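Quick one: the structure is below, questions incoming.
Labels for the chains are A, B, C and D, by order of writing; each one numbers its residues from 1.
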Amino acid sequence: MSNTALAIVLAGLAAMAALPFLDTGFWLALAISIAQYAVLATAWAMFSGPTRYVSLATAAFFGIGAYTVAVLGEVLPWPVVLLVAGVIGAVLSLLVGFATLRLSGVYFVVFTFGLAELIRQLVTWFEVNVTRSMGRYVFVEITQAQIYWQLLALFGALLALGTWLARSRLGFALHVIGEDETVARHVGIDTARAKVALFALSSVFMALVGAVMAPRWTYLDPAIAFNPSISFTVLIMALLGGTRSLLGPLLGVVPLALLFEVLTARFPNHFSILVGIVFLLVVYAVPQGVSGLLARLRRGAPA
Amino acid sequence: MSAALQSQTAPLLRVEGLRRAFGGLVAVDGLSFTVHPGEIVGLLGPNGSGKTTALNLISGALAPDAGRVVLDGRDVTGLPAHRLTRLGIARTFQLVRVLPGLSLNENVVAGLAFGREPAWGAEARSRAATLLTRVGLGGRDNQPASILTYGDQKRLELARALALSPRLLLLDEWLAGLNLTELRGGIDLIASLRDEGCTVLMVEHVMDAIRALANRCVVMNAGQHIAEGPPAEVLADHAVIQAYLGDDDA
Amino acid sequence: MEAAAATLVTGLVLGGMYALVAIGLTLQYGVARIMNLAYGEFVVAAAFAALWLFTSLGVSPLIGLALVMPLAFLANWAIYRIFLTPLVRRAPNAGALETDSILATFGLLFVVQGVMLALFGGAYQSYSYLSIPVEIFGATITANRLVALGFAAVIGGGLWFLLTHTRTGTAVRAVAVNPAAAPLVGIDMARTAALAFAAGGAVVASGGVLVSTFLTFNAAMGVVFTMKALVVVIMGGVGNLMGCLVAGLLLGLTETLVASFVDPGLTLAATYGLFLTILIARPAGLFGVAAR
Amino acid sequence: MKKDITRRGLGLGASALVLAAPAVRAQTAAPTAVKIGYAVSKTGPNAGGTAVSITPNYQLWVRNVNATGGLRLGDRRAPIEVVEYDDRSSSEDAVRAIERLVNQDKVDLILAPWGTALNLAIGPVMNRAGYPQIAVNAVTDRAPDLGRRWPNSFWFLGTSAEYAAGLVELLSKQREAGLIGNNIAMVSVADGFGIDLVNAARPALQRAGFRASYDRTYPVGTQDMAPILAEAARSNPDAFIAFSYPPDTLAITEQARVSGFNPKMFYVGVGTAFPLFKERFGANAEGVMGIGGWQADSPRVQEYMRQHKELVGREPDRWGSSVCYASLEMLQQAIERVGRIDRPAIIRELQTGTFDTILGPMKLEGNVRREQWVVGQWQNGEFMAVAPAAKAGARPPVLPKPAWRST
């Protein structure tokens, strides 16, 4: 994205920040939900797009962030809580990153899923046996508008980071890794470090989203915080939107979030069937996103 | 010339007792040889004799089970590929590997950005343009690599390897599959590299190219070193002929 | 001592069930290369079919098996031919197919789940069939679990025999091991993949019918089976029947041993921990061959 | 790229706006209809509980009210018009659905979802919007706090301490009668519900002089109860207590039956009160105790049962369902006493009034329903309330539990 494009997008975000002055009810709630997934899916694609590693660990980092707030939210000042959430997310992602370097393809996918479940089980066990209470009440004094603004700020920061990354050597390295990892190693790229660095960056944002969202629900338990459907929703949104460009995931987030909303609202009793059919239609009729784009590019190329 | 070089300088690359097995198959078995600065050494042998594995061991794509790789007096055995690349070993691949989603210029910048003498930004782009001209792809900087012909992909791969300012260039059948015109151009290109003092270790089946370019040849069979010497002598060697005759593809 | 033996038996029975539920996926993913996120939905659908046959028509689940399996085979064949073949055709590489199949089967998941919700509602279901206690080495196990284990062995063994002793089976294995080279030796990829997907579907259905005799289920539970099956398949090594069996048994044993001797609260943590450790040590699963 | 986003985003956004315009269901309904909305879990992990304890009762109540012409507001009757959504068992979707009901559909009243977590998630929104929140299916120890924090919220299933106290009281009486000893085995499911209950039970048991020789927790989704039951049986307890969820409740009972583990008292958690339990175990349900219970011999309960069967095609569960229906009767009476849709007045009435329900007279204390049935026991094919014993209508528990029969 060029500087001008970034400036326009950031200005757009700033304009959207005015929403809470117009409506603090349903539209704000919908905007929060979209903003949440916009950050998560963009952060997801920032790592998974160039490296083509499909991660299902989103829920793990989201949950870590949310739990940090549940534990520390009433003890420490808010910025410190966010900082701690980010740091924990970073440390965990570095550990996971270096542990999973040898995994590829579907092995990485299922590993990340297992990781999220393992963390959830360990947190559960810890709560049951050490703190001896399950489920935490998050009574942090924060308004919905503040949650929304924080999410917008996160999204802006993420876009700025993405723009910088695209021009940086690290971003280029990841692009090369995505094209051909063997070549990447043989042009002197430390592929392991590059991938882990990006994984950590992306994970920090996920943890921060979890932290920001936690006060919205009053109550948190591991099943809510580490809900695997977060991972799947983010994955699907990003894949549908396309992971090849910074704003690609947004193309999946906005329509899907609205679609889910419209379908639940209009057809509460047939939501599942309809959402499934729409999904299949999209996959077949509009092969957009990463797969379609790639397919068209490749088909145009000589064999 | 080769004898003179050998006696006067320390070897740039020394390989000692290199061994690598895949399951029960020993692909490289106790391989030893040296390459001196400024030399072009041909690594020959019938298909499946372990040449590519040897290159993979030297370039860090694989780690050896035993033996040593010494680069300019430093033991670099088992270092990962990116470290070896930064120490000055560059390579091309048997099955040509360009980065199809990037432009020609970006393909070469990939070689410049992380190598021994890294360059980035405008400087990298202009150096990449120069290298593209050098391999005969001048002026096509912004074309996507995916549309290149096979021969041009080989050129691009070489430009990327040269971008790393290599002290030792490993060419894995770089001339294979080129048509006659391309082949002649390719041989000239490598010759010009030699004239600039670049050291090359090349796996090659095109014997005309070996005769024209190599100072010295190392011949492998079934993973083992079976002969070594100037191309003319080696290609007349009884053991070498036997090894090749035993193989239909020779 | 007897307690330990009983624990082992219980663990093996549980592990057998995990293996049974996962065998179908190893065929669908390992051979047909379809990452089927709707897998668990098919388990639950088969369970509902068995429930309906049993409670409405009085058909015993074992006879139900004979009805449901061929139906599932046909249904999955049709799904592959109608829904998935276009994706396979248009996919330029394995990565693109994986993305497309994730998206498509995710849609399928919702459709199947929605149909089940519409037909049966969201309530829990359970029925009693062959829940007769049987004592083995000091462990008391219901006959329905043993029957499931027996079927897992029969289906696993039968598949193994078909894969190793028939032409088609060899073709299927060839595709699993090296999808790129299989067409070079004259294997009809499309047919083989459809066959594997359909066979996988039939095995899934048998798993669903059998677990319905002893598990309480509802329309929303599919994802539990999908994820368990994925973990088993990946842990064993994609496309490897033996790996699937060993991984299933290992998980079952771990779960039971930890529940008996450590803390039931840590069973799932232990199984996921084991899974992650194995992957870190063997990045392509227990029986997988590391890609190079 | 940029253009692309704008076009698609705006396009979809616009169509969403059109589609999302407040969904007025029955255009034919009189304009004076009372609009009642609810977002419940039709899909996801909570769908099982919702389908048993919530949805049928909301439907039954609406049907019954509309059959009489609607809610009596002053001197006229206003039929109920329903707006319903699926929260997909997600806190985030639940919050958004409530916002939609409040701001888009502008419903008059909102009924609550199933489960503690979702009721807590929507608490702040409901409070801000000033809607009464009848949290009918939520057990939380914070219920009294929550009632103070959100005076518009009403908590109907009480606190885990009550359940533990009732259970321990029952155990103590049986011990006095010489029917059981001191030895207890106890398992609980590792989520908020199970842990709250076991945390309340532990000290209560200890105070009463009981010894928990086996006390373990298992994760949600455990599929094989054999090892846990084997260990529990090894401690040879007088009473076995499981604070479990429906699938586990069935699995635990089944495993106990199969392995012949038959302590003098056998208590299991959520699901014992489900008709499914009786269908599944038949005569073997006899003597099993569980959470909940009702007065099956009350004519009003029997009438409720009949109506429920007629509408839904199956019997209601014997814990949450009848409470859910009773809470709706309370709401109806509160509305009718106020005589108009005046939410603050309705909230005040719910806080202070006494109501006549299928479960007898009901009055909330500090927004929390007290004195409920906490232990039931299957006796002659019905899940009879047995504790607290002091509550009118309690049946004496029958111990020891009869031996399992082979089916």
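We adopt the following convention: contacts are C-beta pairs under 8 Å (C-beta built on N, C-alpha and C of every residue); 3 or more make two chains touch, one makes a residue touch a chain.
Remember, predicted model here, so these are calculated numbers, not experimental data.
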In contact with chain A as well as chain D, sorted by label, we have C
Contact-richer chain pair [A-C vs A-B]: A-C
Need the most distant chain from chain C, centre defined as the mean of C-alpha atoms. B
In whole angstrom, what separates the CA-based centres of chain A and chain C? 30
Indicate the whole-number Å distance between the mean C-alpha point of chain A and the mean C-alpha point of chain B. 43
Rounded to a whole Å, what is the gap between the Cα centroids of chain B and chain C? 48
Where the CA atoms of chain B average out and where those of chain D average out, how many Å apart are those spots? 73
In chain D, residues with contacts to at least two other chains: 42-45, 190, 217, 219
Specify, in ascending order, the residues of chain A that touch 2 or more different other chains. 121, 124-125, 128-129, 269, 271-272, 298
Between which chains does touch occur? A-B, A-C, A-D, C-D
Under the definition above, what is the set of chain C residues touching chain A in their complex? 29, 35, 37, 83, 86-87, 90-93, 95-96, 98-100, 102-104, 106-115, 117-118, 223, 227, 230-231, 234, 238, 263, 265-266, 268-269, 272-273, 275-276, 279-280, 283-285, 288, 291
Hey, which residues of chain A end up touching chain C in the complex? 52, 54, 99-100, 102-107, 109-111, 113-115, 117-118, 121-122, 124-125, 128-129, 228, 232, 235-236, 239-240, 269-280, 282-284, 287, 289-291, 294-295, 298-299
Residue positions on chain D within touch of chain A in the complex are 1-2, 4-5, 8-9, 12-13, 16, 19-20, 23, 42-45, 84-86, 88, 90-93, 95-97, 99-100, 102-104, 116-117, 120-121, 123-124, 142, 149, 190-192, 194-196, 199, 217, 219-220
Given the complex, residues on chain B that touch chain A span 59-61, 80-82, 85-86, 90-91, 93, 97, 99-102, 106, 109-111, 113-116, 118, 120, 146-147, 149, 160, 163-164
Taking the complex as given, what residues does chain C use to touch chain D? 3, 6-7, 10-11, 14, 17, 113, 117, 121-128, 131-133, 139-142, 214-220, 224, 252, 255-256, 259-260, 263-265, 267-269
